[in-house]
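For reference, chains read A, B, C, D and E in written order, and residue numbers begin at 1 within each chain.
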Amino acid sequence: MSALLSVRGLSAGYGGPPIIEDVSFDVEENEIAVILGPNGAGKSTVLKTIFALTSVTGGAIDFHGTSLVGRKTSTLVTIGISAVPQSRNIFPHLSVDENLDVGTYAAPPADPAATRENVLELFPDLRAKLKQPAGELSGGQRQMVALGRALMCEPKLMLLDEPTAGLSPAYLERIFDLLLDIRKTGVTILLVEQNARQALQIADHGHVLVNGRNFASGTGKALLADENVRRSFLGGAAA
Amino acid sequence: MTELSGLFFYLVSVLIAGGIYALLCLALNIQWGMGGLFNAGIVGFFAIGAYTSAILTTPETAKHLGGFELPIFAGLIGAAIIAGVTGWAVARICVRLKSDYLAMASIGIAEILRLVIVNESWLTNGSLGISGIPRPFGEYTAGRPADLVFLAYVWLIVLIVYLVATRLYNSPWGRSLRAIRDNEASAAAAGKNVERFRTQTFVIGCAFMGVAGALSAHYFRFLSPSATDPLLVTFLVWVMLMAGGSGNNRGAIVGALGIWALWSVTEIFTNRLPPEWATRSSFIRMLLVGLLLQYVLQKFRAGILPEKSPPLHFEDEAERPAPEK
Amino acid sequence: MIDFINFYLFPALAIGSVYALGAVGISMIFGILRFAHFAHGDLMTLGAYGVLAAAAVLPFNSVLLLPFGIVLAIVAALLVDKIFYQPLRQLPTIYTVISSFGVALIFRSLVQLVWGSQNQVYGSGGVRPPLIFFDAIRVSALHVQAIVATAVIALCLHFFLSRTKTGRSMRAVSDDPELAQVAGLDTEKVVRWTWIIGAALAAVAGLFAGMDTSAHPNLGWNLLLPMFAAAILGGIGKPMGAMAGGFIIGLAEELSSYPWIGDQALISPSYKTAVAFVIMIVLLIVRPQGLFKGRLL
Amino acid sequence: MIRLEGICVDFGGLRAIDHVSFDVGAGAITGLIGPNGAGKTTAFNVIAGAVRPTAGRVLFDGEDITGLKPYQRAQRGLARTFQIPHEFYRLTVLENLMAAASAPEGENVFNVVFRRRSFGAEERAIYDHARETIRFLELDHVRDEKAGNLSGGQKKLVELGRALMRDPKIILLDEIGAGINRTLLSKLADKISALNEEKGLTFCLIEHDLDYVSRLCSHVLVMAQGELLTEGTVDAVRNDERVIEAYFGGGKYEAHL
Amino acid sequence: DDTKVGVLMDITGPIASFIPPLQNAANLAVKQVNDQGGLLDGKAVAIYGDTTGSAQGAVDAAQKLANVENVPIVMGALMSGTTIAAAEAVFIPSGIVQISPTATSPAMTDMKDNDLVYRIVPSDNFQGQVLAQMVLDQGIEKVAVTYVNNDYGVGIGQTFMDAYRAAGGEIVAEVKHEEKKNSYRSELATLAKGGADHLVVIAYAGDSGGKIVKQSIEGGLFSNFVGTDGLRDELLIKDVGAEALKTSFFSSPTSPADNPAQKTLHDAFNAEYGEGADKAFVDQTYDATFLTLLAIEKAGSADRGAMAAALRDVASSPGEKVGPGEWAKAKALLKEGKDIDYDGAGGSYNFDANGDVSGLIGKFVVDGDGYKQIAIFE
């Protein structure tokens, strides 16, 4: 069976010199894949490129066997991909409720009310803030709103750029549990993480990116065990 | 021969007007290009400068305030001071406003100033205007050659303002100003007194706009509210700066000259249209100007000379790391 | 008192509805495309002339011919957006502002080229006898039409913005266009609708302004600044606020010269326009988000 | 060095901080932890002057600075970073750092236009300091890149760099670690300790990674729901029931450094 | 060889709506010249300059006329502000003669112009004074006055009020108003307070003047109006109807009562363009253009230095009379070395030392679709 998402020899950039070059990896259906790497390695750029937010200069991206290159971002949501960017990921002047609502416009879920309820279940902190403009939330609360919005359209594949950045340990745990949970419902997840150790513990596969190129790939466990990876990217010495 | 000398004097006139616009553009570049202050009321400060200098340098008349008969240079200084002080007062009220809001406020203030100029005849002789405004060295020159003297005068001032603007831009002051432009909160966290910087910027820019106004009053020798058309002052100057490249002083001058030449020269061509078009040629010209403006905007996205960070003079070039990849 | 109603209040409401209709478009464009649309007044002019052109061939009341003006304004708006504004979207908005200024010149000179620069009146012109209520209140029929039409439009607009998906997407796009795209919203469609609504309302405003006096190429341009003031007053990106702002500016301008104290005009009518700006500036300073809590730029 | 006394902050109807008092000791590295929305960033904003408290006082070196503007506090030696990066996006990385430095001579308009020699030495020193900081933050290769084009983590590093450029007495670090690669983060920790030990620089940092906090901080403040829950040494706090309940989850995922 | 004459007009900008008939008038003069033997030994070519209604634009357009097009003489501009700016900054230094058909600012009288700047309308001072007399002669001793806040309105308005008061009239209300507003009802309410029956409106029909008349009729505030040449426009009749203007009268610079020249021009104009001969300032624009052409023909060359003398010569007596459209005749007479005296549609122009004319002011009332002159004041 071919992978759900297959990235082959991908090069992309922001108009200047290419930021990522010849990047390849596969994400199987129903798995959690994580991209790791130092700051500025091009992790976010990979996600943005898949989501048609940067210009592809070479290579192929296939989703369900059809090419995504050249598609408009807004149509990707309708085929079941949703994304949470690293920064600027909430609508600051819309209320939390409206932020969640926006998630349903492009690809309405079967039962919006139930989906919303599920999301609020996940992030009970948000209940008290439903009417508040999202721009007035704390850093962590914003992160919850952003994830909530992406979940509202019941996606097949989620692209998450550092979903746990700024979340407290309890929430970090909750998010990772959540990722495991939604994977059970048939959702595939590709995420970028700097909380790499924890991420690798739940990830089926990890891909390390350095200087815009593939550096290492493997199962989560294998990468955790790899001394070299550990020293260079996971913050040094043994666990 | 007369053809040639005619063209020469036309060129001189384009350069005089272009020089005055260059001043306005440099002033706007200080406010917008460095300071991010969206001043859409340029014409107000221009008018203040023009009227100040006109009132200071004209002979006594019963029609309006005046009779000081000061030398022209004093008129320019006066224009700079009064325009600067007005700028300071405006800045006191408005400088906290964010970009587009400042634009709206400054349009409003310019419009109010225009109404004052038109209505307060004791001060400005209202819509009848101030006549008999002298030119520098007017006693010694006459006729068309006088324009040459004025040309030199204008560009001398452009040069001075350019030097000042460049020094401002290349300095730590300019750097902090650009930082404030990009992010106020974090500039404040870095100890920058945002309001003070912005007020300084606004005042300096307004003073230079006043000087430009003064020069044009002396150029026209006559000043009436018809010289304070926002279309030809505020908007055209914005177009010039965006076309030339905001954040770049040389770009400001290039933009001023280029757009003014474009504006002026188009008429020569539309005048050459066949006679059936004669009554419409002016509108064809406006259309042409509108279209050319679009062309310039699309073609030079970041202006003809885009903003670039000032050089660090003491830097050893060899130290500069080659960009990776 | 009757004087107040006849000569101050109703004219103020009428001019207020023109401002209101124009300001809605300005506010929406400001909110969604994030730039001050300087060609909006000239879009109004186009609308007014569209009706005029239709009236030259069709023997109907001008108000019935409004669709022609609306279509002309919409087509013009969509075209300039496609050709001129869209390529500049990635740049700082000041470029689009300048571009819209050029578009204003283009619109105006086209109107002048096609229809000439002279004033033109709708229908047979002539003095229209006012409607008289209670023997004392004299209101121009046109003013009543304008005020009623504006109220109806306000209701429809409110429904559109709060109930339809496109209307609600507008708020998201206006908040953060990039993220809206990431959330799968078709930003270009939202932009298109913004132009359609903005231009249609501009055409209505243009027609009322033109019928109130006469149509001329500078019709809309002359109204632009007070409409900006109205949009700001209402709070950027708040169409309903802009409506209210339009009425407030109209009322303030006209009522400022009412002899509130003694029997001299409170403010010399020559400073009438200044009143709108003073209000705007004061508001900007004490409440920059506008009366209705619009976006802070 | 910093002392909050009875601080309350209200946003509309919401009380984000409720009568909080604490001390940040001079020469120490103090941690501020707590669940999301606890009011940590707001507390920093109160200290830095970006948010005005509804009640209470802020003391800095014993002096009441409650009425001072952010820039005045910065000029007295208080530096802070922002949780969401606030870079000068059209300035290069080098300029970002240099712009953050204080340059009293070079920021004087008169000097700039008429006495250009007056700030040459000052500028040189700022430049050298910026170069050194950039090298340390491993940002050399993007030194001349516009800061707006950096990656999320790089922006955070610039954020830190700007604070270091201030030569402050105290630095408030708001989740500097979120989004920073762990290897680099651990180097940053070394640097922070070094600055603290060698120059006696005071730090107060918000961080969610408790291992990181424990590595650096002698003293930890815990906030929850706008109140100061408890304070003490890392170990004491770690074992506090209330803290565990409010803050930690089940500790399922291992994150030891 | 063709000879260029400059035509400087405020084509775009605030008075754009006045311009089309005036351009026609200027073109008509040039066309007649070319149809009837041409100018000197070639054709006449009108070179337009557009002041855009602003001082900057006026000076720029004037520079092009003076330097690029090298014209010897210029007709224009129309607004006083642009006329003076162009003259001061360009035409006087370049030694070019300028005739404005409409600039009425008193400031032009004592300009140091080396005898280069002329106009063929009386200064505002004159029309204002005459209007005061006209109103008093009608037996109206109490009026309300409103004038537009530009050089035209302020110029005439102030002199009118001074003269009217000096002669015993009472001004019960006075409001200066801004151009380009949509509603003047609040101004009108103020004006009506004074209780006068007559409203003196010094403004343009195409702009505030027309709106003021219309809105005061609609509001039932005034029904008797006294207007100046700016208001005396067919547009006004079209806009408010002849019926409503029955009791109103207007002043306007004019020519002697039995001036056949005006009819000649209007016939020729309407034959050429179908309509518009009665528009404000058409006569003056035509005459000014015709005079520039005559001056060149008289001087025998396009030499700038010779224009002033030639202009004075062809405009004033003694000499054989020529009128509008009579180019062939004029050309023949000049060829014979005879002196000519142009009497135009707007009257006979005799320039005084300042380049001003005294002129006549006519009193007009509405008659059908147009205006009828019923008296002449000197």
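The definition used in the following text is that contacts are C-beta pairs under 8 Å (C-beta built on N, C-alpha and C of every residue); 3 or more make two chains touch, one makes a residue touch a chain.
Owing to the predicted nature of the structure, the values given are computational and were not obtained by experimental measurement.
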Legend entry - Path length in the contact graph (subunit B to subunit C, fewest steps): 1
Inset, instruction - Kindly list the shared contact partners of subunit C and subunit E, in label order. - result: B
Inset, instruction - Between B-D and A-C, name the chain pair that shares the greater number of C-beta pairs in contact. - result: B-D
Inset, instruction - Please identify which chain has its centre, taken as the mean of its CA atoms, farthest from the centre of subunit D. - result: E
Legend entry - Mean-CA-position distance for subunit D and subunit C (Å): 48
Inset, instruction - Could you give the separation in Å between the centres of subunit B and subunit E, each centre being the mean of its C-alpha atoms? - result: 35
Legend entry - Mean-CA-position distance for subunit E and subunit A (Å): 75
Legend entry - Length of the line joining the C-alpha centres of subunit D and subunit E, rounded to whole Å: 74
Legend entry - Shared interface positions of subunit B, touching two or more other chains: 115, 118-119, 283, 285-286, 323-324
Legend entry - Residues of subunit E engaged with two or more neighbouring chains: 12, 20, 149, 176, 178
Inset, instruction - Give the residues of subunit C that touch two or more other chains, as numbers and ranges in rising order. - result: 109, 112, 117, 268, 270, 273
Inset, instruction - Would you mind writing out the residues of subunit C in touch with subunit E in their complex? - result: 3, 6-8, 11-12, 14-15, 18, 109, 112, 116-119, 121, 125-130, 138, 140, 209, 212-214, 216-218, 222-223, 254-255, 257-259, 263, 265, 268-270, 272-273
Legend entry - Residues of subunit E that touch subunit B when the two form their complex: 11-13, 20, 23-24, 27, 46-50, 52-61, 63-64, 66-70, 79-82, 84-85, 88-90, 93-95, 105-107, 111-112, 149-151, 153-155, 176, 178
Legend entry - subunit D contact footprint on subunit A (complex, rising order): 14, 37-45, 86-87, 125, 132, 136-141, 143-144, 161-162, 165-174, 176-177, 194-198, 201-202, 231-237, 239
Legend entry - Contacting residues of subunit B [partner subunit C, same complex]: 32, 38, 93-94, 96-101, 103-105, 107-109, 111-112, 115, 118-119, 235, 238-239, 242, 246, 280, 283-287, 289-291, 293-294, 297-298, 301-302
Legend entry - Of all residues in subunit D, those that touch subunit B in their complex: 48, 50, 69-71, 74-75, 79-80, 82, 86-92, 95-96, 98-103, 105-109, 112-113, 116, 119-120, 122-124, 126-127, 140-141, 143-145, 162, 165-166
